[in-house]
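Letters are used for the chains, namely A, B and C, taken in the order the chains are written, and counting of residues starts over at 1 for each.
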Amino acid sequence: MLLQQLLNGIVVGGVYALFAVGFNLVFGVQRLLNLAHGAVFMTGAFVAYYTVVNGGPLILGFLLAILASGALSMLIEIVCFRRLRKSGDAEFGAIISSMGASLVIMTIWQWISKTQVLRFPFDTMPVVIYRFWGLRVSLLQLVMMGCAILIVLVMGYFIYRTPFGRRVRAVTDNERASMLMGINPNRIYNLTYFISGALAGAAGVLVGLAFNNINFTMGEPYLLYGFVIIILGGLGSIPGALLASLIFGMLQTLTIAYLPSGLTTAFIFSVLFVILLVMPNGLMGREGAGSLGRRR
Amino acid sequence: MNAYVLGYLPLFDLFLLHLGLAYSQWLVLRSGVFSLATVGVAGVGAYTGGVLVVTYGLPAPVALVAAAIGGGLVSLLLAIPLARLRGVYQAIATVAFIQIMLSLNNYAEKITGGAAGLNGIPKVVDTLTLAVCALATIYLMTAITGSRIGRAFDAIRQNEAVAASLGVSIEAHHRLAFIVSGALAGFYGALEAFHSYTLVPSQFGFPFLIAILSYVVFGGRNTIWGPIVGTALLIILPELARPLAEARMLVYGLLLILTINFLPKGVADTLIERIHAKRLRAKPAPAPAPTAGS
Amino acid sequence: MALKLVNLSKRFGGVTASADVNMTVPRGTITGLIGPNGAGKTTIINMITGMMDVSGGQILLEDRDITRAAPDDICRAGLARTFQNIRILPENSVLDNILIGFHRHEHCSTLSALFGLPASRQETQAIRDKARSLLTQFGMSAYADYPAGGLSYGHQRKVEMMRALASEPDYMLLDEPIAGMNDVESDILAELFQHLAEAGKGILLIEHNIRFVSKLCEKIYVLDGGRLIAEGPPAQALRDPAVIAAYIGGSDA
């Protein structure tokens, strides 16, 4: 029973990783929090849904969702953040601006979906259950795991092994210096936001399939879970976000299994406070949570 | 004419209620704390007030005071883990706090009535009471602004290292900002409870947080006029054009993006700054500044 | 009656940024601290003002140990500072920038400040008057209501100086106070510093401009590679072979 829970937790954690890695990637590059990330995630689910109900195959829906979410995320950076970064106070401004973007995107999907809860047609994803060692794994869970692992591997390769990744890391360390080296930071930002959004869109499709419940508020809880995950992993750290996603997925599954149902949310967010008290920089984060007015 | 005015009274009440919460948000931002907890603390105050009156039969004024004290205390507790954090960390932690309060209010059915709501709260607060409270709040905020505490807040917000180097205790002032902002939120939460007949936990969730934050961002974060102008405009705007009311979320979203990008100080603060600059220009100019640094 | 550094040390991991620095800044005189770029002056300042942890040694402000005190405690103990790169409160007016300097001397209760009681208002009025007389003294009265962020570089330095003076400190730490100023302006400031020292304040002057330092200081300390390499009256210390080597070794004296 416990093993089954842990397995489910890992699957959920994989999806969280898709969401949180992109969330944290953007924070790592610009030190800005993109509160519209939940809306981007939701956009992925909606695009896949409308592709499927209009007769397209699921795989096409998945691809379109990734493209649309990536493009949307890129657009958010251009519209909401680019101007702000040139002014001084982008940290506060970005939160406000992306909160606004989130509201706009949510309203648009609310209109399109007429405030309904949407469900994929029954046979979109065949229900197949595999059993081994007394554990049950569904085909969907395998697909979720596979996608999560594949996408994270590809992205890791991208960031740590390619010239593009080196440029991303150069811009992260020092925007001005990298400009002097001939790197155009705006192009880098476009790409990182695209990747971040595409990952969130993929997560949106998988979550839409897993819970078969697509609605215009579905991004909100994931944004909140994303907060806990990136704080636990360390703001800005990609490996940290990955590890924290798995831990969080398991923690949440266990909490739901063993705690009274009304208390799970309170418990999960209390964990966030404990982390902030005990290790504000998370598992793998850099320094930076603290104030300037004290000895360090 | 009279009926016409009366028709707008509920809107005016709403303005006064939200104005108090806007000041609660405004105050912490002024002190350089990026806390978004106001709505969560308002929930604590509302339920404290509501439960004390409905379940324990206390008179409303006593319950109001209790709600303010409760809000201040909860906010003080929140200040402890937040004292060492800054910026986005504070924002995230306080959003988590709102979420915890929301689910606790839902869970504690025996006390709060859970999702079904706390019903039968006597409506003892009228427009006059609200207006008096709002005036008192504005006075309080003006007094703080003009005092050593307000000056310390200004310094901390703009540069913590400078503030500390001038002997300002950042921790003490942040704690104070949390307490006052929390007490205000608790008090106005209870007013909200006594102004309606019922309370549900989801009232104090994200849509409310976004509304309150929008008032302050739109109006202005640094002058006393900011919350007044922001709250008034954002409440009246959707009423003037009915289609806007339908798309309130969209309007707020667009306004947030536009304001922070093109009018980052907010409507009122920018206007005041312009007027001030004009007045300075009208005065005989001081001797031209010697161009140092050349 | 002095600010004393006793065997003050700072290590970052394996790197030693300051090693056994001993200095005395007595009241009534101006003491200089010079050294080439990267000599560790900033580290010393950050340790004295409480911005950085101390790895070893002691900092004494008269009979008080401030080695581990927080920055605000250090100011309240009577040590004020200015910053190398100007740190003005840009949104506030010039007058408000100076008002905050008086913070250390505002004693009205928190309650009276919160509720705007007469005690708080009278105190505010009193420090406003004091700030205005400071402005007059510095010839900046006309700028009182201007936003400080829009002032010229030299004026911002003056505002910072007034702000530090407003806290009526016993000791002042001036971090490159004349950087970017012309001779006329720096002469005016030199006079001011001398007045302050004569009035009994202890002044630690960190400067690149050796001419300025030798003119003002009774005693200077020369830092290189985190260690003191010479100390004494300027004329003598600057002739020290180690000092000449350090400066010729490479930088903008």
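The criterion applied here is as follows: a residue touches a chain if its C-beta (ideal position, glycine included) is under 8 Å from a C-beta of that chain, and two chains touch if they have at least 3 such contacts.
All of these numbers come straight from a predicted model, not from anything done at the bench.
The most distant chain from chain C is A, comparing centres defined as mean Cα coordinates. Chain B has the Cα centre that lies closest to the mean of all protein Cα atoms in view. Each chain gets a centre from the mean of its Cα atoms; for chain A and chain B, those two points are 30 Å apart.
Distance between chain centres (mean CA atoms), chain B to chain C: 39 Å. Averaging Cα coordinates per chain places chain A and chain C 48 Å apart. Under the contact definition stated at the top, the residues of chain A that touch 2 or more other chains are 293-294. Looking at chain C, residues 50-51, 70-72 sit in touch with two or more other chains. Within chain B, the positions touching two or more other chains are listed as 161, 163-164, 170. Every residue of chain B that touches chain C in the complex is listed here, in rising order: 139-140, 142-144, 146-149, 151-152, 154-155, 158-159, 161-170, 176, 180, 222, 276, 280, 286-287, 289-294. Contacts from chain A toward chain B in the complex involve residues 27, 33, 79-80, 83-84, 87, 89, 91-93, 95-97, 99-104, 106-108, 110, 220, 224, 227-228, 231, 235, 260, 262-266, 269-270, 272-273, 276-277, 280, 289-294.
Taken together, the chain B residues at the contact with chain A in this complex read 34, 81, 84-89, 91-93, 95-97, 99-100, 102-104, 106-107, 156, 160-161, 163-164, 170, 206, 210, 213, 217, 247, 249-250, 252-257, 259-261, 264.
Every residue of chain C that touches chain B in the complex is listed here, in rising order: 49-51, 70-72, 75-76, 80-81, 83, 87, 89-92, 96, 99-101, 103-104, 106, 108, 110, 113-116, 120-121, 123-124, 142-143, 145-146, 151-155, 157, 163-164, 167, 180-182, 184-185.
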